[in-house]
Structure formats: structure tokens, C-alpha cells
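Shared between the two complexes below is chain A, which has chain B as its partner in the first and chain C in the second.
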Partner chain A sequence: MKRDRLRLMLPLLPASGFLTLFLVVPLLLLFSFGFLQIERGEVTSVVTGATYRDILGDPFYRYLFGRTFLIAVSVTGLCLLFGYPVAYLYVSMRSRWRVLILTSVFAPLLTSALARTFGWMVILGNQGVLNKTLIWLGVLDQPMQFLFTLTGVMIAMTQVLLPFMVVPLITSLQSIPHALTEVAANLGATHCQTFWRVTVPQSVPGIAAGVSLVFVLAFTEFTVSVLMGGGTFAVVSVNMFEAMTTLLDWSRGAAIASLLLMSSATVVTLFNLLVRRLTPWMHTGR
Partner chain B sequence: MTRAHWWANGIAACALATAGCGLFGTSSSGSREFVAISYGGPTQVPHRRFLADPFEAAHGSVKVTLVASESEDVVAQIKAARGGSPYDVIPLGEPRQIMAIEEGWVERTPPDTLPNLDAVHPYFREACRGHGVPETYSLLGLAYNPARVPRPAAWTDLWKPEFRGHVGLTTPASNLGFAFVVLTAKLFGGSETDVEPAWPQIHKLEPFVVASNPTALAQLFERNEVAVAPLWSNDAAVLASRGLNVRFVQPAPGALILVSCLDVIRATAHPELARDYINRAVSREYQAQAVQAPWFFGPTNRQVDIPAEAGDYLPASFDDFSKLMRLDWDAGTRVRGAVSARFNREFRR
Partner chain C sequence: MDAHGPLAPRGRQRTIVWIDLLGAVLLGVLATTGIACLVVPTLIVVITSFDTQEFIGFPPRGFSLERYREMFQSSVILRAAQISAVTSAFTVTLGVALGVPAAIALVRREFRGKALVTALLLSPIMLPGIVIGVAMLVFYSALGLRLSLPLLVLSHVVFTMPFIVRLSMARMERIDRQLEDAARNLGAREWQVFRHVVLPQLRPGIAAGAAFAFLVSFDNLSVSLFTAPVRQRPLPIELFYLMRFDLDPVVAAVAALQFLIALCLLLFVARKLGPSGFMPDA
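Our next item is the complex of A and B:
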């Protein structure tokens, strides 16, 4: 019995070896670098907690982490707001419309985030399509600043991350038995009541997966922040890059990276615990 | 599946993987790759056309790969890859040159291996501090769009109301941004080590756009996001050559000169090739072509004449260098980290 189990686990060895070597070990090194003094690129044997203490005691970093968290939460909320109707439409439509919806959802993923962000820079610039349209419609007298603002970053980030919300939602909505909504209708529930009392609660696993995925990606997002927000856009990832490449302060960069990782893991874990607590019927084996 | 099948499949998979690794690891042509860091965008063209291509022709089996970079990111990579740099040569502006020498990852090149260095003006040789060669120089001046703002005559004009809302800057992560902060400090009573006077003055320039590097700042001119900005002469020249309405001025009391040294990375796998490459970078043949439009790379070789059309971007002759401003980069480099961190806090958005 034990040998059978071991044999079954053998195929896992390559993947787990790969992950240990290229994920677990680098993460441990990253975490430890924050405690080591690194001078001129040389790792010394001096162990110090000063770097973590400096960061945790610095109000600027508290502001940075708080702001990054709020941006990630807002982008996640926007993705859910825009993504849910798309996913709902997808499962309600016939197959040819589904192909169209799925193509439009996945199309942005066919190119890199860099190319998509440059696209947004062209659209949101002072001479961009959006400003020109708003001026032509008489909504604005002069161009509105979107680039290098929080608004611009959030618009681009929401679009870039939207597919990561839509895909788990589609999977979740598709798994809801059609009979459930029919029963609700037969019992006299309106379409709106069925949606809020049957469809939404049943799609909670998809919402949880999408929210977790988008939150983590938004919390650690770098490309969009630096291109759309400019060189001084205050989020953790940009500051971490600056610490590593400009200040060449690897201890600080490693400490920031570790704190970023730990805080995003904590938020996602707490969120999933909350979801489990609020939706006990999902986990009773019913 | 039987145990025999299971093992057979496993062995086959391992064999395939090994064969795959072997395929990827073998060079089909047998040529050696020489990797040189270069500038970004069109300013890379002189390196490719007049330096790398003739170098490849002279060395037959050597293939030169140019990697565009603003240098900050590759410095981190070079330092991370101690004992085995993925790059062979790198251009470094004076502040980075000083740091690289202190940190010991660029080679002190023996002058007898660089015969072309004899023709280089001593003014530039000093800037590289015996490491690498002074390949070129750039001037930091003001680029502006004459259709949107008047011509700035002095650095302090930047603070005039007519430029408000049109200014673009870069972060001190780049030499450009760092030089501008120090320059502002000096214009308003500070120095390379006392940049405090710069902060309130830069605040007075708000609202402005902050790009992460000079190339990104130059792109903002293309999209009309900014109309005036401190910019390197080469970047401004390239913008103008593309037909953009961008001019470059050397504002009073003078444009700031920054020498770019081309260095051999200490951990290079091709030290001999690297020395030949940088020796060619100070040759009359290379520099006489790189100084032409639209690049206007400042020549350091005394035998190279500056063309008349480079007038806006370069001093007319070596005698005019006294009109340019120089910073004490040795002093400035010591405060660079603090300047960069302070800038991010002061102008976070």
C-alpha cells in the first residue's frame, strides 16, 4: 500500500524538484538577503535585522504598502465589476457568441503587457484618442491628464488584468447546474432574485479564485505602474526595482520583495478564510 | 502499465530531455558571441554600423550582439553574475564610471593595448580615470518644442510662468535626472554635496512629468506630453532628425558636459576582443562617422572635426570646452543614493 502510494508520487518528482530549485530556494535566499549586509555586491557574513527594522519603521514605506494595497483592491473590485457581466453573458449565450466573447477576453493575452500598456499610453495621452474624442464631443475644453496619474494606471491595470478575473468566473458559472435556476423560477423567484440568491452564491468559488489572482497580480504589478505612472509612481514594486538597480541596495530590495510576498500571501489567505467562513455550504461536501 | 513499461517510459523521457539539452547547448555555427551594452533607440546606430560591423568583419568568427540599456539594470546583472559576466563591454557615464571603478568590476585597461588612446584629448582621458576609453561626450541642455513654448535662454528660464505645466524630468536613477538635481542645487546656492536648495526649486516647477529614463523622456516629446525638458544633446538631435519640432539649446551659464567611457567588464570571457573593441571606439574612423547627423556623438579624438550642422548640439571646437559646465562627479556620486531616495519621496505620485 505504502509502496503503491510512493510509486504514484514519483511522477511529481520532476515538477517538485524544479519548483524547489527555482522557486523555494530563491525565495529563501531572497528572504535571507534582507538579513545580510551586502556591500558592493558582495554578500558579507554580517547578519542584521536593521534593514527590515528601517523599512517597517519608516512612514514612507507604510504609505507605500498602504497605497499599493488600496490600488490592488480597487483594481480587483473594478475587474470583478466589469468581469462578472462578461462571464455571465458568456454562459447565457449560444456557442457562436461565446467564441466572440472568449476571443475578446483572451485577445489581450495574445500580446505582452508591455505592448498593451504602450497601447494605453497612445490612447490616454494628451493628444490621445480619448482626449481628442472628449474634446470633439465638447466634454472637455482642453486635454485632461491621464498619463502619469493614478487614474491612468488604474484604467490600464484593470484592462490588463480583466482576463484573469473572467476566466475563473466563466468556469465557476458554467458548473452551476441549470436545474437550480429552473427550480428557483418554478418556485416563483424573479430573474433578479434567482441571480442574487442562486447564481451569485454558487459562483463564489470563481469569485474567490478571480479576486485572489487579480489582487496578487495588481499588488505586485510593475510594468503598468512604471510606464503609465512615470518614474516616481509610488507603489512597492517600483520602489523595489529602484532599490535594486539604482541604489544597488540589495538588502533593502530583498527585504521589500520579501515583505511584498508575505503581505500578498497574508491578504489572499485571510480572504480565502473569510470566503470559507461566509460560504459554509460550499465546503460541506453537499 | 507494467513496471517495465513505467521504467521504459521514464528512461525515454530522460533521454529526450538530455538530447534536447544537448541540442540547445551546441552552437551550430561555432562562432563566438561578443555582447556589448549600447545605447537605446536610434543612438545605437553608430555602434552597430560603424563599430560592431567593422569589428565583426575584422574578427571573422565573432558575432557582436548589442544590448540596449540605460545601464542601471545591467549594472545589477553584472554584479549579480560575479565571475561570469553575460556582457563584455559597457558604456558608462562619469558617475557610473566612478562607482564601477570603486566596486572593481571594470578593467584598468593597459594604455599600451589601446594605441588609439594617444589621439584622445587629455580632457577626456582624465574623466575615465585610467579605466576604459572616453568614447564620446554629451551635453545636457534644454530641449524644447518651439511651437508650444518660447526659446529658453538660461537654465533659470525653466522656472518662468510660460513653461509651467510643460516641463518633463527624469528620476535621478538616470545620470540625466541626477545631473539636473545637482545642477539645480548649484544654480540656487548649493553644491554637489549640498543638494538641499534643489528640492524647493524643483517643487516650484510642478506640475511636471517624471519619466524613468532619458529615452522615455524623449518619447514624451513625440507624444506632445512635454514641451521643454533637460535632455542629452544626442537624444534631442535624434528627435529633430525624425522631423519633430524639437530644438536644443545650451542654456546660460552653460550646458553641462558628461563624458561616456566605454569599459571592459572585468569578468569578460573575451578580454582581448574587448580591448580591441574599445580601442576602435576612439579611432578617428569611428568617431568621424558617429559625429555626423543625426547622432552628433561628441568626438574625443583630436583628429576628428566637428561638422558645422552640429553647432546646436556640440561645442565648435576643443577650445570651447571652457564654456561648458562640469560637475564634481566624485563628490556627487557619494550622495547619489540619498538624492535618488529623496527625489522619490518628494515627488511621489
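Our next item is the complex of A and C:
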């Protein structure tokens, strides 16, 4: 019996052992690293809450986390606003168009995040495509600054993360039985009513999955923020990178990273609990 | 389910309701903007990679392969690309060796704590790259190890293996279990069942997972920033520094070429898998 169980688990051992050693242990170490006091590469004090206390008590960090949270929420909202119609269009189209839409959803995933940021730098620059178009249309008199601003970062971040919203939404929309929308139509509902009262409520799992994923990615986004916003752009990830690489303050960096991970996990957990509470129809009977 | 027989007056369905029209227009506009947003930056990168201007700008002033020539003459970029390719190749090999057996076991076997193991194996997908990077750096330095390419590979396996596990699992779930039982009844040994029945059917899933893992690893910046050796920088880090301090046009050529290679790789996988294999099962 015992040998059977061992044989059963054998194929799982290397993979789970590897991730325990190279993911779980490093993460635990990261949490505890914030409690160490390190000066000039030497651990001077073993347990100190000073680093965490410093960060949690510092108004700048409260502002930083708040600002990062608001950016992430806005980007998630924008992704949902544009992503849902794209997914809906995909589901309601014939297969030839579907391939085209799917290709355009996957195109950004094929282009490296650096390359896409590069593309946005060309578009949003002072002499870039957007400014030239807006001036040509007469909307602006002179170029507007997008690079190194919050607006620019949010535009680029929305694009980079949009695929992560669209893919779960498509999966979810595809699983809605046709019969449901047909019944609604037969009962005399307008398309609009069917959309808001049948399609959207039925796609809640997809929305929840997409929103959770995009929020975590946006909350911790680094590449776009540092390149489009500049090295001093105030979000948690850039600040942590600076702490690690410029200030070489590892215990601070580790503490910020731990707080970043814990706060994003907390937000996502609370969000999913809220979704469960607010959408009882998705969880009854099964 | 067949809902024949009008339950509501037919006339109401035939007249176009203005709010439906408005809704459709709004939906169309948002979807078009979304799709344009997805495609345009990539197109711009490809177009500017052929430009003749000395600085980055748009629209292009002419057509040349100058930036590609520059790329192939830059020893820094070539070396970085080589480092990245080697790192990703080792990462994928190790990831497949660890991930595929685990994926098969997770689909075929029932045991206590299965949900927990599944969660552990897939969890890095939901973890932010920079946190993984910092954690690995802290871990390596606590062990007193100096950063090196093998350590970089190990840190890449952490966040790429879930893709291999997940895509292999998705494929494994569609394989008919009875074929395996039939082979066993005919006297095949366990490894023969694996070699001649499971593996040939599972191969597209492994290929898709490996291709995806390769792309993710090759493109990774956030983990490599912390775990790459200082003197052996992978391509994304090299590009990052080229872009951070001034916008070097050669980046456009590298990015465009990388996009093309990734596209070919994905089309190859799509042909093996069929279009349906593309969508990850939720």
C-alpha cells in the first residue's frame, strides 16, 4: 500500500520538489529578509521590525501604494471596457473573422513587452504619431507631453495587458449556451436587455478571472512604468527596483516586494469573495 | 433545447429598437479601438525598423535594411541574443522534463492533496515577475552563490514550467483513457503504454507548452534583471538599457525580427494543434 502510494506520487515529486525549493523557500526567505538588518553586506541584527515599521509608517509609501493601486484599478477598468467588446465580437463572428481577431489578440503576446513599449514611445512622443494626428485634426495647437506622464504609462499598460483580459472573457462567453440567449429573444427581450441580463451575468467567471489577472499584472507592472514613466516614476515596482539596484538596500527592497505581493494577493482574494457574494446565480446547484 | 412557438408578439422583434442600434455601434467602436490598440504598436515597430531616418520618428522617410545590418554587426546584441537562446533552450528542456510527468500524473491519478499540488505547480503564473526575481536573488545570495547562467536557467524554469504543465494537462484531458487500458490489457508494460500510446497523443500539448515557455523565457525582463550575471546579460536586459537612456533605433530591428520568429513558432504550433488547441481551457 505504502509502495503503491509512493509510485503514484513519483512523477509529481521532481516538479513539486523543484518549486518548493526554488519558489516557496525563496518567498519565505524574502518575507524574513525584511526583518534582517544589513549593513555593508553584513547581517548586523537578526530580528528587527524596523524596516517594515519604516515603510508602513512612512506617508510616502502610503501614497505610493495608494497611487499604484489606483493606476492598477484604472488600467483594469480600461482593459475591461475595451476587452469585453473585443471578446463579444469574437464570439459573435464567423470563423474567418475569428482567426483575424484571435491573431490580433495574440500579436502583442508575440511582440516582446520591450518592443511594444518601444512602439508606444514612437506613437506618444512629442513628434509622435498621436501628436501629429491631433495637430493635423486641429485638436491641439502644439504637441502634448505623453511620454513620462501618467496618461502615457496608462495607455501603454492597457495595451500590454489587454490580451490577458480578452482570453478568459472569450473562454467564458463561449461556454454560455445559445439556448439562453434564444429564449430571451423569444420572450421578447431586446438585444440590449439580453446582453445586460443574460450574457453579462453568465460571463461573470470570465470577468472575475480577467480582472484578477490584469489587476495583479498592472499592480506589479515594471517594464512599461520604468521606460514610459522614467526611472523616478512613482509606483511600487520601480521604487523597489531602485532600492535594490541603486540604493543597494536589500532588506528594504525585500520588505517592499513582500508588501507588494501580500497586498495584491489580499486585493484579489477580497475581490473574488465579493464577486461570489454578489453573483449567487453562478454558484447554486453545482 | 428547441424554443419554437412565439411566446411574445413577433412584431417587437422585427422593429429595430434604437437602443440596440446604439449599443451595437458603441460595441463596434470599442471593439475596433481595442483591436487597433493591440495591433498598431507592433506594426509601428516593424515599419520603423525599415526606416532611413537617423532618429526614431514616424512616418518613415524611406526604406532600408540599415538597422538590420547594424544589428548583425553589433557584437553586444548578437552575444546577448545567444545568451538568451541558450538560457531559454535549457529552461525549456528542464521544464519539460519536470513538468510533463507531473501533468500526466495530475490528470490520470486521484490522491489526497491533489488540489494543493496543482495550485503549487500553476501558482507562478499568478506571481509578479519582479517578486520572483527579488526572491530568487535573496535565495541565491543567502546560499552564498554567485549569479551565473545555470542559476538564471533555474530561475526561468520557475515561471515557465506552469505553462508546460498547464498546456500538457489540457491536452491530456482530451486523450481517451480506454486506449491506455486496452494497451495494458494486451500486455503492454507501463513504459510501453507511455511510449506508444500516451506520448504520441500528448506531443502537440508538449510542443505548445514548450514553445510558449520558450517565448516567455526569451522575452523575460523582470526576473532576469535580478538573477542574470552582470557580465552575461540576456537580450531583454541589453535592450532595456539601450532604451532606457536613449532610444537606439537598432532596437526596432531586434524587436521586429523577434516578432517574426515568434510568429513563425506560434504558426508552427497552431498547425500541429489545430486552431482549437490555441485557447487555454479555463
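Note that in this section the second predicted complex is superposed on the first by the 268 of 286 C-alpha atoms of A that agree within 3 Å, B and C clash if a C-alpha of one lies under 4 Å from a C-alpha of the other, contacts with A are read in each partner's own complex, and residues count from 1 in each chain.
The criterion applied here is as follows: a contact is a pair of C-beta atoms (placed from the backbone, for glycine too) under 8 Å apart; a residue touches a chain by one contact, two chains touch by 3 or more.
This is a predicted model, so every value here is computed, not measured.
Of the two partner chains placed by superposition, only chain B is touched by A:229; chain C is not.
Looking at the shared chain after the overlay, A:134 reaches neither chain B nor chain C.
Of the two partner chains, chain B and chain C are each touched by A:121. More residues of chain A are touched by C (comparison of chain B with chain C). Within the superposed three-chain model, A:176 lies out of touch with both chain B and chain C [touch as defined at top]. When the shared chain is aligned, chain B comes close enough to touch A:246, but chain C does not. Applying the stated contact rule after C-alpha superposition, one finds that A:267 touches neither chain B nor chain C. After overlaying the two complexes on the shared chain, residue contacts for A:81 are found with chain C alone; chain B is out of touch. Touched by chain B in one complex and by chain C in the other are residues 121-122, 125, 127-128, 226, 231, 244-245 of chain A. Of all the residues in chain A, the ones that touch chain C in their complex are 5, 8-9, 11-12, 14-16, 18-20, 22-27, 29-30, 33, 81-86, 88-89, 99, 101-102, 104-123, 125, 127-129, 132, 156, 158-159, 162-163, 166-168, 170-172, 174-175, 177, 179, 182-183, 185-188, 190-192, 195, 205-206, 209, 213, 216-217, 219-220, 222-223, 226-227, 231, 237, 240-241, 244-245, 250, 253-254, 257, 260-261, 264. Of all residues in chain A, only 7, 40-42, 60, 121-122, 125-128, 145, 147-150, 226, 229-234, 239, 242, 244-249 touch chain B in the complex they form.
Across the complex, chain C meets chain A through its residues 1, 3, 6-9, 12-13, 17, 19-20, 23-24, 27-28, 30-31, 33-35, 37-45, 48, 56-59, 97-99, 101-102, 104-106, 109, 111, 117, 120-121, 123-124, 126-132, 134-139, 142, 154-155, 157-158, 161, 165, 215, 218-219, 221-222, 225-226, 236, 239-240, 243-244, 247, 251-252, 254-256, 258-259, 262-263, 266, 275, 278-282. Those residues of chain B whose C-beta lies close enough to touch chain A in the complex are 6, 72-73, 75-76, 79-80, 82, 99, 102-105, 170-173, 177, 207, 209-213, 216, 223-225, 337, 340-341, 343-345, 347-349.
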